[in-house]
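In the two assemblies presented below, chain A is common to both, partnered first by chain B and then by chain C.
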Partner chain A sequence: MRNMTLGGYRVDNEAPHINVTQLSVAYRDQWVLKDVSMTVPGGRVLAVIGPSGCGKSTLLRVLNRLVDRASGVHIKGQVQVGNFEVIGDHVDLVELRQKVGMVFQHPNPFPFSVFDNVAYGLRLQGVKNSNRLRILVEESLKQASLWDEVRGKLRRPASSLSGGQQQRLCIARALAVSPQVLLMDEPTSALDPLSTAKIEELVLALKGQYTVILVTHNLQQAARVSDFTAFFREGRLVELGPTKEVFTTPRQSATEEFLTGRYE
Partner chain B sequence: MTVHQKNLRTERVQHGLFLTAAALLIALGFAFWGTLGWGALQFFLRHGLNRTILGLQYHPIKGQFGLLPFIAGSLAVTLIAVILAYPLALSVAITATMVLPRRWLPKIRQAVGSLAAIPSVIFGWWGLAMVVPLVRNLGGGSGFSLAAAGMVLAVMIIPTLSLLAIHAAMRVPERWVEGSLALGATPDQTLGRVVLQSIRAPLAEAGIVAVGRALGETMAVQMVIGGQPFFPHSLLAPGATLTSEILNDIGLLPPGAFGHRVLDVMALLLLVAMYGLVLLVERIGGREVG
Partner chain C sequence: MKGTTWHRLAVVGSLLTTVVFGLLLGDLVWQGLPQISLRFLWRTPSELSSLGGVGPELLNTLLMVGAASAITIPLGLAAAILRIEYGARPGFLLVFDRMRYTLLSLPTIVIGLMVFEWVIVGMRWPLSVGAGVIALAVVNWPFVVDVSVAALSGVPDSFREASLALGATKYLTLLRVVLPSALPALVSGLGMAIARLMGESAVLIFTAGINVSQHWGWSAPGETLAVHLWYLRTESVAPHADAQAAATGVVLLLLVGLVLYLTQKLAHWLKPMDALKKI
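And then the complex of A and B:
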């Protein structure tokens, strides 16, 4: 179900679960995801860990179909976000991407003002009323715990913010269009520890309202913020379970090797 | 002499050379402005502004020096060229950077670059063969016209303008494009609201450079414009520009001849216009993407 906006205040419906069934993805003849099946419960945070090139980022980019931008992509299998079919030739990508927001590895605010960045997606959706825009922008910035730092500076260029603030701005920008799912692709890898902590707090706060998939190289981060952890290696899902169990009593030896730093 | 002292001396000599070169260039600039300015000033003192820049009749042998026909001709030709060329060049840039596979981009740039290097006389010759007959068939008359000149100039500046626009579009980082798409923007919306929006300044700069190129072109224009010193009442009529008229009259008004200084005035007008464009580019340019 779509989120609704009532008089400027959002009423969020249940965050959807995500079902991945026998998903395989290839760039030309290189299979980067192989026969992945998994379920992410709605409103929870799934951390995706694994060595570089294990297919983590591709998984995220399948979920909002940004993967289509690469040339020669083959996708097999099924992915559902709630009842929404993600894979197929006739998927409404605009609708999908409004449902499934994304935060990138490097903060990528547009070269506009703080306000215009957050309002970007709203304007795409046809929100023109400036009062309503202002309310929604403020609300999104509050949700991304950036409001206190940028109030009164909304007309400043986004590039004047610090890296951590820019990343929270990008989160606010994604939240503004009322997604149900938030994909985060190593969102703190370019940030200092303090900014990282703020983003982690934010992820914890968003839990419940959004289904979050967080790709991270930072194992402590996965342990701190996620409910579930998935370990990928060479395009395969090796293990998926509650984070505590995966970190303390992994079922697969490969997972244990990775967690203890013995994996090459 | 120690190595250190030797180095110091070499350095001093180098500095001296650079300074001399720079001073020479600046002196040359002053000499340029000075000569033209002096000539133009004498001319104005003798004939007054009304009968030169603002005059309509040009007949130097009879002492009529109205330059308005050529000013209008230059403006009209430049305007036609830029209006025709700009959308085409922008389309080339967008197609090359956003639509076609990225790996084709170097080849496209090479191809466009080679077009930009074609000497203008070849464009003029091509205009004689293609554009003049086209205008003749469509609009009647001889075909030699402001319209023909504008069209030839448009074709001539498209490569340069395309290259500049491609450069600008290449500076838009992929992460902005992806960020926009990820928010549910269509590719068209992304193009309009993020890509073009963020390169407004370099695109404007490219436009000004194109205006400069069109305004200054002489040979290609002279070959197709018809060379008539009358105020252009129709774009399909023959006319002349400041540049083409200078070329025309160099033989007619050699140094020392009566009215020779009118060429200084025309040159000065062009120089001032170009200088204005340079100032404009400097105001817009230097600004980063965004």
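And then the complex of A and C:
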């Protein structure tokens, strides 16, 4: 599964494209996503923007099926990650979630040490050899550009890190299990500008190796890091296009209103 | 009123409580201390002389509370896990919670009566250690469920989501994240439940009896420290019964204090890493 050589750098993770076809999602009888169809090319960063309650987070949670945790969820339509079918009763959720990693809005490290946080997913996959664990943990921390700040402090509690460091730790934890897709649910909304900048740099660095879907309320952030931008409103996909086009010459008036802050 | 006034009131209130508690405790220790010796902890009680002890009662307390806990802790924890982690249907949860609260607020003497009806009248068991253990287990069960439910719901849901999102199954999430995070609250809560159980008397009077036998056995009568204390103060004709009661009280108090202290220590030691414990 792990494709890595060339001096420890991971190459060719075969970041898959994501295909969403006529996806509708309801909590009980409240439809929060309505007939959404879109394609995200592999290895690119898609920013998802839109007002609160437009279904952005639900879209992410469908992609790793964390949406199943809510009661009374109905899903219609199809979603494919590469050629892996996401929707259905017999989907192997463990396999799906190893392919599709997630970073949450608030940093949520486990109450373990820095090392044990990153090693958590690896241990789930049955990696026991402590040397191998150490190498993989180090590699993941490097990839999340946290290594220089935590080397020699791996046994400290994760909660002793700053908020921004904790979020990068959560990214390292997600990357450790070699996902192909990374879902980021407003990952910087709880962070200060400097930590935000670091995470944005990180997203740019991950581009190419992973398909990234980034939900954000920060329009500048969407403009800075994404290749494509999708604008959602009231559960519908209003517009999806290359970020530059969406921001400079939106095709829909609703998008323009939102981008210029005229949306109520 | 201003904040400072409230603060002063609170200080006076807590001082008053401490003084009253200290006086009561001092009186008990003062009365009981002359009776306490290693022999007092070892000997069997005596109606005829003032040389009786609480050996069998101490043993019964430890064994009966231990056995009742060994039965109820796994069952109660399992029920709480089912309730919180594998959230069954809402209708079931409502019934479950109602039953839990009802059992929790039932006077223990009523539970004693119920167990007496089932076990002693129905199943023809003698007034015994075994019947007492069952009675204690019934008393303890809702407390264990309550403590476990509180401990599990204290684990932030974001831990569960993070674990599931990394490809852990529900079971592994429970085993590797939820239980370790809940363990300190669980241990200190269970410590309180056990300590409370050691002081339980009403439920045991009908079920385990107010005697001890020369030979310990599950079907032998099983008076505990708390019941012995009650007996000494109400029924006994032994010389110095009051002093013996005080001494028994001191032993019980020490035992309860020891359980609470040890479980708190253990809970602290089990705490997963948090910001307070910087290395």
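Convention: the second predicted complex is superposed on the first by the 252 of 264 C-alpha atoms of A that agree within 3 Å, B and C clash if a C-alpha of one lies under 4 Å from a C-alpha of the other, contacts with A are read in each partner's own complex, and residues count from 1 in each chain.
Criterion: contacts are C-beta pairs under 8 Å (C-beta built on N, C-alpha and C of every residue); 3 or more make two chains touch, one makes a residue touch a chain.
As the structure is a computational prediction, the values presented were derived from the model and not from experiment.
On the superposed chain A, the two partners chain B and chain C do not both fit; they clash.
In the superposed model, A:140 makes contact with neither chain B nor chain C. Contact with both chain B and chain C is seen for A:69 once the two complexes are overlaid on the shared chain. By the touch criterion defined above, A:113 lies against chain C but remains apart from chain B after alignment on the C-alpha atoms of chain A. Of the two partner chains placed by the overlay, only chain C lies in contact with A:156; chain B stays clear of it.
Using the contact criterion defined above for the overlaid structures, shared-chain residue A:166 touches neither chain B nor chain C, since it reaches no partner.
In the superposed model, A:102 lies in contact with both chain B and chain C. Once the two complexes are overlaid on the shared chain, A:195 sits clear of chain B and of chain C alike. According to the touch criterion, the shared surface of chain A, contacted by chain B in one complex and chain C in the other, consists of residues 64, 66, 69, 71, 93-95, 97-98, 101-102, 104, 106, 108-112, 120-121, 124-125, 157, 159, 170, 173-174, 177. Partner chain A is touched in their complex by these residues of chain C: 87, 156, 158-159, 161-169, 172, 176-177, 180-181, 272-275, 277-279. By the touch rule above, chain B contacts chain A in their complex via residues 101, 173, 175-176, 178-186, 189, 193-194, 197-198, 289-290. Only residues 64, 66, 69, 71, 93-95, 97-98, 101-102, 104, 106, 108-112, 120-121, 124-125, 157, 159, 170, 173-174, 177 of chain A touch chain B when the two sit together in their complex. Of all residues in chain A, only 64, 66, 69, 71, 93-95, 97-98, 101-102, 104, 106, 108-113, 120-121, 124-125, 155-160, 170, 173-174, 177 touch chain C in the complex they form.
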